[in-house]
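Okay, so chain A shows up in both of these, paired with chain B first and chain C after.
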Partner chain A sequence: MTQQAETAEPKIAAYLCAGCGLGERLDLERLAKVAAEAGAGAVEQHEMLCGEDGVARIRGGIQDGATHLVLGACSRRAKTGAFNFADDGAAVARVNLREGVIWTQPEDAGETTQEMADDYLRMGCAEAKFMRAPRAIAADERGANKRILVVGGGVSGMTAALEAARAGYEVLLVEKSGALGGWAKSLHRRLPRRAPFSAPAENDTAELCAAVEHEKNITVFLNAHIARTSGAPGRFSADIAQGENTRTENIGAIVQASGFRRYDASQLPEFAYGKTPDVVDQMELEALARAADENGAPIARPSDGKAVQSVVFVQCAGQRSEKPGHLPYCSGCCCGVSIKQAMYFKMRDSEADANIIYTDLRAPGNGEDFYRAAQEMGVVFTNGAVERVEAGTNGAQLAVHFRDHVLDEDAVARADLVVLATGQVANSGVDISAVEKNEDGEKEKNGNGKDESAEKKPAQVSVPVESILQLDYRQGPDLPHLKHGFSDSHFICFPYETRRTGIYACGPPRRPMDMHQAMEDATGAALKAIQAVENAGLGRAAHPRAGDLSFPSFRRDGCTQCKRCTVECPFGAIDQDAEGYPQFNESRCRRCGTCMGACPVRVISFENYSVDTVGQQIKAIDMPDEFDEKPRILVLACENDAYPALDMAAHNRIHYNAFVRVIPIRCLGSVNAIWVTDALNAGFDGIMLLGCKKGDDYQCHFVTGAALAHERMGKIDDTLNQLQLEPERVRAFEVEITDIARVPQLINDYAAKIDEIGMNPFKGF
Partner chain B sequence: MSEVATNQTILVAGGGISGMTAALEAAECGKEVVLVEKRAALGGRVSQLYKYFPKMCRPHCGQEINQRRIRANRRLRVLTLAEITKLRGAPGDYTATIKIAPRHVNSNCTACGDCASAVSAEIDSPHDYGMRKVKAAYLPHNLAWPQRYVIDASIAGGEQGAAARDACRYGAVDLDMREETIELKCGAVIFATGWRPYDAAKIQPYGYARYDNVVTSVEFERMLDPYGPTGGKLLRPSDGAEAKDVAFVQCAGSRDRNHLAHCSRVCCMASLKQSMYVGECYGEDARATIYYIDIRGIDRFEDFERQVRADERVRFVKSKVARIEQNADGSPVLHGVDTHGARRYANTHDLAVLAVGMQPSVDANEVFEEGATSVDASGFIQARDGENGNDGVFAAGCAADALDVNRSVQSATAAALRAIQVVNRAARA
Partner chain C sequence: MTSAVEKYRNNFLREVEANVEEGEWVKMCMQCGVCSGSCPLGDAWEHPPQELFMMIRAGKRDQVLASESMWMCTSCYSCITRCPRGLPITHIMHGLANYANRLGIAPKMNPTRRFAKIFWDNIAHTGRVNETKLSLRLYFMDGFFTGLRRAFAMRKVGLGMLRTGRLNPLGLFRAGGIARKGELRKLLARAYEIEDARKNFGKRN
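Take a look at the complex of A and B:
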């Protein structure tokens, strides 16, 4: 993609609203002159611009040939319905005179308020001049493939495949083993999904397998794995290897349903696993129960075939523990499974003893009914922690030594069989951040910053992993892991947020879960895959800038092949071509602008958001001279959190310093150092970067943007040094959207600090 | 609206995080969606929370993103102050009856606030569970969307309403608005009607109705909001004293056949989170005690539980609290038996927070035609296993189960696909 030259000169029309007090507080005539001087060919005032008549006037302007609109009214977050001219093909710059000026300035401020409004209008005109209404990339450059690839043929994968197929999409299902069904097919019974939650339910996995096999929209590949994946949403290409044969299939999106591995119980010698066959894990108990069912006999003890009269379940075996080799997390479903398995015994023989030793019994939701049903059947629940299991000799019972928490004493339970409730280990492929570290012998290269690498202690469970997806991406072959090997989203509100657009993990690779949850999750992931192909087909961005048509364009002749954009893109959207130039994959791109912020030679830009659309705003700001005692502070505010916080401050009429000029930006990661350098050279006395939280619990909507901005601050410090300016002149702050009073306070405190250190000596040069 | 909806429209009931998600996910797949919200603004219960577990971040950050997605999507239309009262028909061909309450403010509203300045009458703030008063002309909360005021029905017919109307320079106040009922065609329906807190007054031994210093977990959330009833200060309702020693009473109504038979899932995590709030307010002086049956810090939440357990200011007592009494200075005294060691206790705290259970907020049986869907004993809407694995009515989020936010959003995303399957079938037919 190369930058297209804008052929026609933009025709700017400015509209000034007199409503909401703007007419009373501001000199609109003066503003009209400012707009005309700043390049607006037409300037109109209106009593209520957002009203029907006002909007009609604007449309009239477009009909008269205006290509660029500058709307001097309220915040870009207000009246969005009225001021939507996307269908009219006009580029719109919103100038925030209401929330940004009159609502945050005292009534009696006079001159400084007007100067603020003048500047914002100049900035709006400058922005408009350098922006174009975003147009989707040409249809022939978009990927239009709508097939969905599902990797994994267990319950999650089959559900994802079936749900997508039932919505009318063609699905390729790749399963590494010789049969569909995954772990689920070997279960004796499953947890109940529907009321009355009082007994184990039939295992209907075979029906699910049959439904998949009969679905005409699904093609199943057994004994197959993915040998290579390349491309982007709408135009992925996957090599599916089956034995000696590899075939290349084109697909539009991917659901990764690669399931889990059983925790290796042989790491629990204290529980006698491996020392006696009469200590089994939950999967092994399922096999015993199935065998018993097939033989029409009681569940038999593996060592001698004797009917099990007593069974002890050890909850949290090797889980919820910080011991080396244990899982630090809870697998979420083992309590329910043990309840179900205890019922296997009690439902066959009410005289059999089934004892579940637990610390916290976790049966959420209607699981409580199931728990209660087990109690009514006579399953014993013992609150305690198992310390060790001793194998009996010569057919004697096993001895389970535990701390009884109720009696607060050590106790022993004897049983014919012991079941260890061990956990799930995510089958989520290669930990790409660990691989990078090992290969390069240095810290994180994908820009996560120091905080995350500190958190990434070696996985508590080390299992040999092979790549699931074999992505040929610059940033590694699999989805990035979040924690404990899970490929989950970091966002509570957005569980399907993925760092590889068009690829959605579901089921146990995301977090430990039972079948019911995995099926629900798989359905959600199938929707996201469908959404990805639909959006890619229209050239639109995926979440969180859903529907955005702009995409980064790149000027090849200026590029120095420094690779920073390819390394820093939080979504792995940029590859390298054979000559080492960045290769943008537009439908992987999330339009955050991190690449634009990274580029030292400023060759990356969006149609409506570029080095110029912001840089020219900075240049448009009128800079009073040193002796005016009117400092100027530039605030680059994240549009997701900091900017709304300022808007809400305005709604609460919280005032802040009149010398700041706020520019909303897509993400702190998109801040190019040239803006800062230019602003300092132009005489700005201070620069505030307001972004989201970084680090382990990052809030940045583009994952690493905020962290990158802080890292880049190091380079800005060098600039300050060279210019012999105080380091305080540029500061980055973490703010939250709810910091309604705090953000104005930060601004005021910072302005006071600037007052203290004095004016920028570069003013007037 | 009724003219444009067709049998390929997906109707979503409820504009909380589940409903917003279901509506957006479907609309962003290119489907026509109508979202119906009973309150005056979107966001639901999540917008009333101070922070989320386990990240301790603000729910409003995601709400802003969702609202921006809604503003940007023309396939998605939102009706506020509206409720589905009846649904009839079959998959691919439903007719919903929707009752719309009057806002008394039309789309001219610029949210300038002149009406509120002109009005002196006050009402209980719906956003704050009635814990404070707001003007009867109000914006529901800071992040409210639609960004449009509401003139409360209590003043619409009187002088105060007239004052609001006269103060508005944009003709936005319309006192003649009346409740209206419309019918809407749609092909599939997603019920994302959410939950309500169990009525704590029904748990008689806990004295919620008798003692000021026994509050619910949802009220506690509001106390932390800087724009809430206490301005973000953790103070005792009885005397305004600092509440530095707070008791959290788990399973208040949940896991109890006399109240809610099910486990509400989120309350353990919510109380762990709220114990951190006490620390946030009072630092080293903070004390929190969590009285619990089982701590259900399920799956990766274990990390958060471990973090809270490592905090010396937080104490855990394995016990179902038997009763709460009040001492002379109004402090709640909790009585019960500590299961660990079987010891009786009578512990005095500054404030007791009841971790109240979740129950579905809408009785689906009243809305649906008989047999259109089924609910379980707790009132949650069950998935139906009809032809092709579903019917045309789906539940999302806490209408389907007691779920946390993350799981609600997963559930809503899944529901969106099931609805899409139905309207796609209708389109092909």
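Take a look at the complex of A and C:
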């Protein structure tokens, strides 16, 4: 979609609120004059703009022909209900005079407070002039498909399918094996889900399978896989391959519940796995327990069929270890599983010995009750680290050599059977970032064994490279990973979100987990999928700017086809069309503006957020000359964390420097380098970029925005050097929403720093 | 009774559960170490409670029962009030000490053990504590001259007790005690008999 030419000159009406102390603290007459000079055709004052009467006055202005509104009142984060004129088709610029000025400036500050308000109003008028009211995606371009595709027929997939189906949505469930149930169906018993959490519970997976099979809203495809996925939320299309046949289905959203693979215990020769059948992993013990239960006999040793009298559980086998080939992470559920399995022995024969050797026993949720129940049954818990397991000869017992951490000595425990608590490896598809890195050298083929370079390096998980979704996106066939093969998501704030809009991961592809957690996870993902299809149907953005009607467009004749937007978009929303131009998939877009920040020729914009709406604000401020001793500092503040922190500082009346001018931005990733250049040219003495935390434990709502901004600002340092400007003039900071006192302090410290290095020598040119 | 105890098996733990007062609690320890960290005499213990509990699970029967550690307990109850699993640790320490003593494995010369024995013999004899006899037996348990030295060192306390009537010098010659001592001794003898039979103990020494 190309940008449409402006049809008419915007008609700006400015409204100034005198409530909340604005009337007393500010000279509204002077502000009215400033607005008129800045291009407002009509200026009106009101003693309480957010009240019914005030809002009615604004609506009156729209009826009189105003197309753009400048509201000089409180922060854009306040009174959003009263000041919502989306249905009236008007573009709104909010000027933050309350939180941004009078609440953060001392009452006796004098003229600087008024100057601040004047500037903010000029900026608001400039912003309004260059924005248009968002129009939403045209109804005929919206995807209206509300069917949900669930990939994976284990407990997470079945739960997601059932939840969506029972909420009234049609579900397609694709399972690669010949039966539903996944790993769960092969368990003897499951971890208890209900009080008193004192014994293993019946494995009810078969009932779940039956419920799925009987649900009329669910269509199950067994022995099937996804051969291709394309589209966007509300209009995905997937090729489901079933043997020779492939059928194309249209769906609105996707839940990826592709589960996990068992860690390959044959990589643990030190624990005698493979040397004797009497060393098993947890899944193999489940099989032994099931066989024993069917025969009504005690669990038998695989080597000689003798009833097991003593068993040792080795926790963290090949996990939480930096050794080559081991998993560096904790799989979170193996402690609970070992407790459950130790109970299999103790419940059958209280004289049997079951010893769990652990370094940290992790029993999340109600697992602590379960742990206590096992202790009451007489399961022995030993704090220690197993070094090696020796197989006995001729039916002798196995010897488990370990370090007892409490007694601080080497010890040996003998047992008939040893169970290794190995971990879960995410089954989350191709690591597209690894494929990207390998592209220079040997091009990696899909579905081709393992990533060998990863295997040799220590503490790196080698993930099977087999695509789950086969996305035809330019950015790669699967969900991006964060690390160790787990899908990237924000594990605290928005766990089910992935970096592909409309596709939600649940269960072990997100993090290792047990059945109960996977079922909870699946419910969450199903609800997210429902939300996605509903939002797509209304032409609205998905999380985190849910409900946003704006979408990016680009000016085709300016585009150089550099592809940077397609690469830097954190959500893979941009493909390229047949001619090599970017092709925006609006419903995949999260409206962060990272593409806009990336574009070197500045052709990408949103209706109400563009290089101009911010750039013109920078140019609109009244720059005092060098000898006024009034420096100006531009603060570009992320609207997700930094700007709310500033608002809350204002609510607490924490004052900060009067020479800053704050512009909220959607994400640091949307900061285009031209704004920095413009600001330095306009005479700003310093520029602060306030964004979120980057790195593996990022807090950025758009995943990569903060990291990209830091990378881009690194390049700006070179430019500053060439201009012989101090690198301190442009600085990026990581802040959190809770940094209510810290952000004002950062601003004041930075202002002091600018005082120290002096005024921008380009002022007045 | 088993003497050959296998390592990291439940044998000794089961023995402790059967024979030690509150011993059934030992398996509930989760090895957090709060007891050891809370003990005001912790540094003086060779094996603090957490370690003793682990040694029991590890089947270190002889080392546990011959240990001086549980004899160090002064019954301050810090561990009990802090144990997140609610183990009656103080009672278990005394239970272990008592069991070791009954088996004759407890360290013979442990001063706490010797004091406890003198105290028990004193009170079980007449049904009341005879302070005079108790202090003299305690001071002179290592011989006449050591006794004199100890008594001399404690003279201020002794004189104070005399003045306030807490120590009666005539107690040395008077039996004192409760009215029906014979009944008490019979009662205790029967209790020993029951316990010995239940716990399968050998002859009392």
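One rule holds in what follows: the second predicted complex is superposed on the first by the 655 of 765 C-alpha atoms of A that agree within 3 Å, B and C clash if a C-alpha of one lies under 4 Å from a C-alpha of the other, contacts with A are read in each partner's own complex, and residues count from 1 in each chain.
The working rule: a contact is a pair of C-beta atoms (placed from the backbone, for glycine too) under 8 Å apart; a residue touches a chain by one contact, two chains touch by 3 or more.
Keep in mind that what you see is a predicted model, and the values were worked out from it rather than measured.
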| item | value |
| --- | --- |
| When chain B and chain C are modelled together on chain A, clash or fit | clash |
| Partner chain(s) touched by A:T246 [first = chain B, second = chain C, both, neither] | neither |
| First (chain B), second (chain C), both or neither touched by A:N681 | neither |
| First (chain B), second (chain C), both or neither touched by A:S186 | neither |
| Touching partner for A:S266 - first (chain B), second (chain C), both, neither | neither |
| Dominant toucher of chain A (residue count), chain B or chain C | B |
| Touched partner set for A:R414, first chain B, second chain C, both or neither | second |
| Partner chain(s) touched by A:T560 [first = chain B, second = chain C, both, neither] | neither |
| Contacts of A:V406 with chain B and chain C, given as first, second, both or neither | both |
| Partner chain(s) touched by A:N383 [first = chain B, second = chain C, both, neither] | both |
| Partner chain in contact with A:N721 - chain B first, chain C second, else both or neither | neither |
| Common ground on chain A, meaning residues reached by chain C in one complex and by chain B in the other | 361, 372, 383, 406-407 |
| In the complex, chain A residues that touch chain B | 19-21, 48, 50-51, 74, 77-81, 162-164, 166-168, 193-196, 320, 322, 328-332, 358, 360-369, 372, 383, 405-408, 483-484, 486, 488, 491-496, 511-513, 517, 520-521, 523-524, 526-528, 530-531, 534-535, 543-544, 546-547, 640-641, 644, 648, 651-652, 692-693, 697, 699, 701, 736-738, 740-741 |
| Residues of chain C defined as touching chain A within the complex | 6-10, 13, 27-28, 30-31, 50-51, 54-55, 57-58, 85 |
| Contact set on chain A toward chain C in their complex | 310, 312, 351, 353, 355, 361, 371-372, 375-376, 378, 380-383, 404, 406-407, 411-414 |
| Residues of chain B defined as touching chain A within the complex | 17, 24-25, 28-30, 52, 55-66, 68-69, 71-73, 107-108, 110-113, 139, 142-143, 147, 169-170, 226-227, 254-255, 257, 261-265, 294-303, 306, 318, 339-342, 376-378, 380, 382-383, 388-389, 401-403, 405-407, 409-411, 413-414, 416-418, 420-421, 424, 428 |
